[in-house]
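My questions will all concern the structure given below.
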Amino acid sequence: MAVNTRRYTRATAFVTKGRLEAFSDGVIAILITIMVLELHVPRGTDMAALGPLLPLFLTYALSFVYLGIYWNNHHHMFHVVDSINGKIMWANLHLLFWLSLTPFVTGWMGENHFAPLPTAAYGAVMLLAAIAYTILQATIIRHQGPHSRLGAAVGGDVKGKLSAVLYAAAIPLAFVDEWISDALYVTVALIWLVPDPRIEARIAAER
Amino acid sequence: MAVNTRRYTRATAFVTKGRLEAFSDGVIAILITIMVLELHVPRGTDMAALGPLLPLFLTYALSFVYLGIYWNNHHHMFHVVDSINGKIMWANLHLLFWLSLTPFVTGWMGENHFAPLPTAAYGAVMLLAAIAYTILQATIIRHQGPHSRLGAAVGGDVKGKLSAVLYAAAIPLAFVDEWISDALYVTVALIWLVPDPRIEARIAAER
Amino acid sequence: MAVNTRRYTRATAFVTKGRLEAFSDGVIAILITIMVLELHVPRGTDMAALGPLLPLFLTYALSFVYLGIYWNNHHHMFHVVDSINGKIMWANLHLLFWLSLTPFVTGWMGENHFAPLPTAAYGAVMLLAAIAYTILQATIIRHQGPHSRLGAAVGGDVKGKLSAVLYAAAIPLAFVDEWISDALYVTVALIWLVPDPRIEARIAAER
Amino acid sequence: MAVNTRRYTRATAFVTKGRLEAFSDGVIAILITIMVLELHVPRGTDMAALGPLLPLFLTYALSFVYLGIYWNNHHHMFHVVDSINGKIMWANLHLLFWLSLTPFVTGWMGENHFAPLPTAAYGAVMLLAAIAYTILQATIIRHQGPHSRLGAAVGGDVKGKLSAVLYAAAIPLAFVDEWISDALYVTVALIWLVPDPRIEARIAAER
């Protein structure tokens, strides 16, 4: 009986993590997909009708890559998570909240051809999402201890800190020249496109 | 053969619960995400264009938290559920029905700057969702017996009853002063933000 | 080695069925949720603004119940399915195609206060979905043999045939009096609200 | 301890593949469903109101079948995949990106009654999705080696190459006569409707 209960709680603890992952995947999958609804079908059928959609298409592609990066990193992070608690759940929902505003700022920036305020708003949402991700990471490490696999894998988190600095810089710079901010957003995307080698190396080492 | 069949039915009973959880997670994930479609991209690109969106943004944040609480509590409740039946399935769909009206009342209340009737409608949908949750809980306990883990964990359900009372009060009070109702909605959210310690304690005790 | 491979293919066959179930659940969960987007947020904030929404709300509730029934029955049917093949996959996608038109006919019937043609169109989509469900069921039984658990559980399928007859009758009757058709739609929903006792009894017997 | 860790990493590697599949299923399920939102509910309630919807309905059905084919082939391909890496993840997201534009080109082509440019755009998105699928397939085979189960099952990939050629031909031909392109799109769909017998045969052989 005691053995059965222990096996049961272990199994459900595993399911619990799985349900959080599945929920997050669901929200990110929906976000990445409903963004395309902002690409309104144009009235005309000639090339001139597609022209105004170009900035929106580029913003859509950028946001798609960002959400893909978050999904990828989320995936990698929870790969080395064994169990979760209520605080981790809420830190995760907090991250999803800021990510859920991506379609809104994508549409606003894209439809207005990278005007200053929408460009700054895009950076603000991205900064808040990055901060939320850092909080989630810290919450998990606090739950598992600094010597846990995630704690060891993350270390100084240079990429995370650098991204936050670049977003913070892009917000005021959008009012100087919006292309500086756009260049910074693309730079952050490029920094993250490669999955975190620290965690990958750790997983490979364990095998 | 007999052993194999028994193992199979056990496995599928587990999958059955998993499929109900996955379906509920899917619906809640979609609801929490399509709500953002009510935040229509503004025409202008200055601060004045964002102003009218503020009440909608606040309502969106409140509804996001509410749906997060439902997901969290749903998660906790099914953590201690072993098997389900047809009645539990329909009680669960009944809960999802009222939750599915959240984007509608969120948009109506937010776009109309917390006017009395939309504010009362918001409370009515929340009250009906709270009642549906209570029915679902009671249906599960009836299926498992009052001495089941969920029955013992829920007990008097003070928080559930208090929330229903506050929602019921908020509906008429919206016609006196809508800010009283809004304050009540925020109060209910704060009451629930912490995951149910009764169930958490039970899970910890079993480990 | 041989044992490992056999174990692997068995595990993936199980996953394969799981992936079809998860995909179907995903589509049904999205359909049941995006239908609420047809409930457009009204401009006004008084009772008069809600009036025109009443038929749409009732249609939404009816379609919600229908999709819930399909999810429930789909769930029950695949409960007794052991493996799937390509034909079952396409029969399943065929069912999802007709179900995916539910939000469209729901919006058309609801916005036009149950006018004859939209009411008939609603019945036509429901009839085609019912036929698709019967085809899916027959495809699974052909794959598993008539003496399989599903074959034995389904039997003469009186409820399935009765539903198709009622839908087929409701289509022309919508041009006589649309309320006859609406009454038939509600009748079919009531027939199915109880999960199939034949399959439930079989599952209980096996335990 | 060493045994436990090995078992754990194997289990998570399996989950990792499962999470990629679940995410892809989620995105495809959402795409296949939100496409129906392009079928705007008509104002009128007579047959004349449905007329303009016919080309949109046919395009919707075609895109539904295409996405069904992608889901089906994706399913079959990952059936014989044992583990994934970062490159496979990004190759998969790249495929999902082009698929995510399906609702946009479906709406544009359908609403404009198969006008030349929208018809060519539909083919361009389909060609890019087909190329992305080929890249994903090649990335998996490179990861697993040419003698892997997928490498042996895919072989020369005649159907994949033929589809790309037909899409590439359909793009310029849309400006000659759009019906040629439409006929080519239907042809590609018919080629793929049957699930890949090479992989099915291999799975059957292993059993």
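Order as written gives the chain letters A, B, C and D; numbering starts at 1 within each chain.
Criterion: a residue touches a chain if its C-beta (ideal position, glycine included) is under 8 Å from a C-beta of that chain, and two chains touch if they have at least 3 such contacts.
The model shown is predicted, which means the values in this text are computed figures rather than measured ones.
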Both-way neighbours, i.e. chains that touch subunit B and touch subunit A: none
Per Cα centroids, the chain farthest from subunit B: D
Superposing rotation of subunit A relative to subunit D, computed on C-alpha atoms, to nearest 5°: 90
Residue-number overlap at the subunit B/subunit C interface, same or different (half cut): different
Euclidean distance of C-alpha centroids - subunit C vs subunit D, Å: 25
Inter-centroid spacing, subunit D versus subunit B (mean Cα positions, whole Å): 35
Of all residues in subunit D, the ones touching two or more other chains: 22, 26, 30, 34, 37
Chain contact topology (line, ring, star, complete or other): ring
Those chain pairs that satisfy the touch definition: A-B, A-D, B-C, C-D
Subunit B-facing residues of subunit C, complex: 18, 21-22, 25-26, 28-30, 32-34, 36-37, 39, 41-42, 45-47, 50, 61, 64, 68, 71-72, 75, 79, 193-195, 200, 203, 206-207
Of all residues in subunit B, those that touch subunit C in their complex: 5-6, 9, 12, 15-16, 19, 22-23, 26-27, 30-31, 34, 37-38, 85-86, 89-90, 93, 96-97, 100-101, 103-104, 107-108, 111-112, 115-118, 121
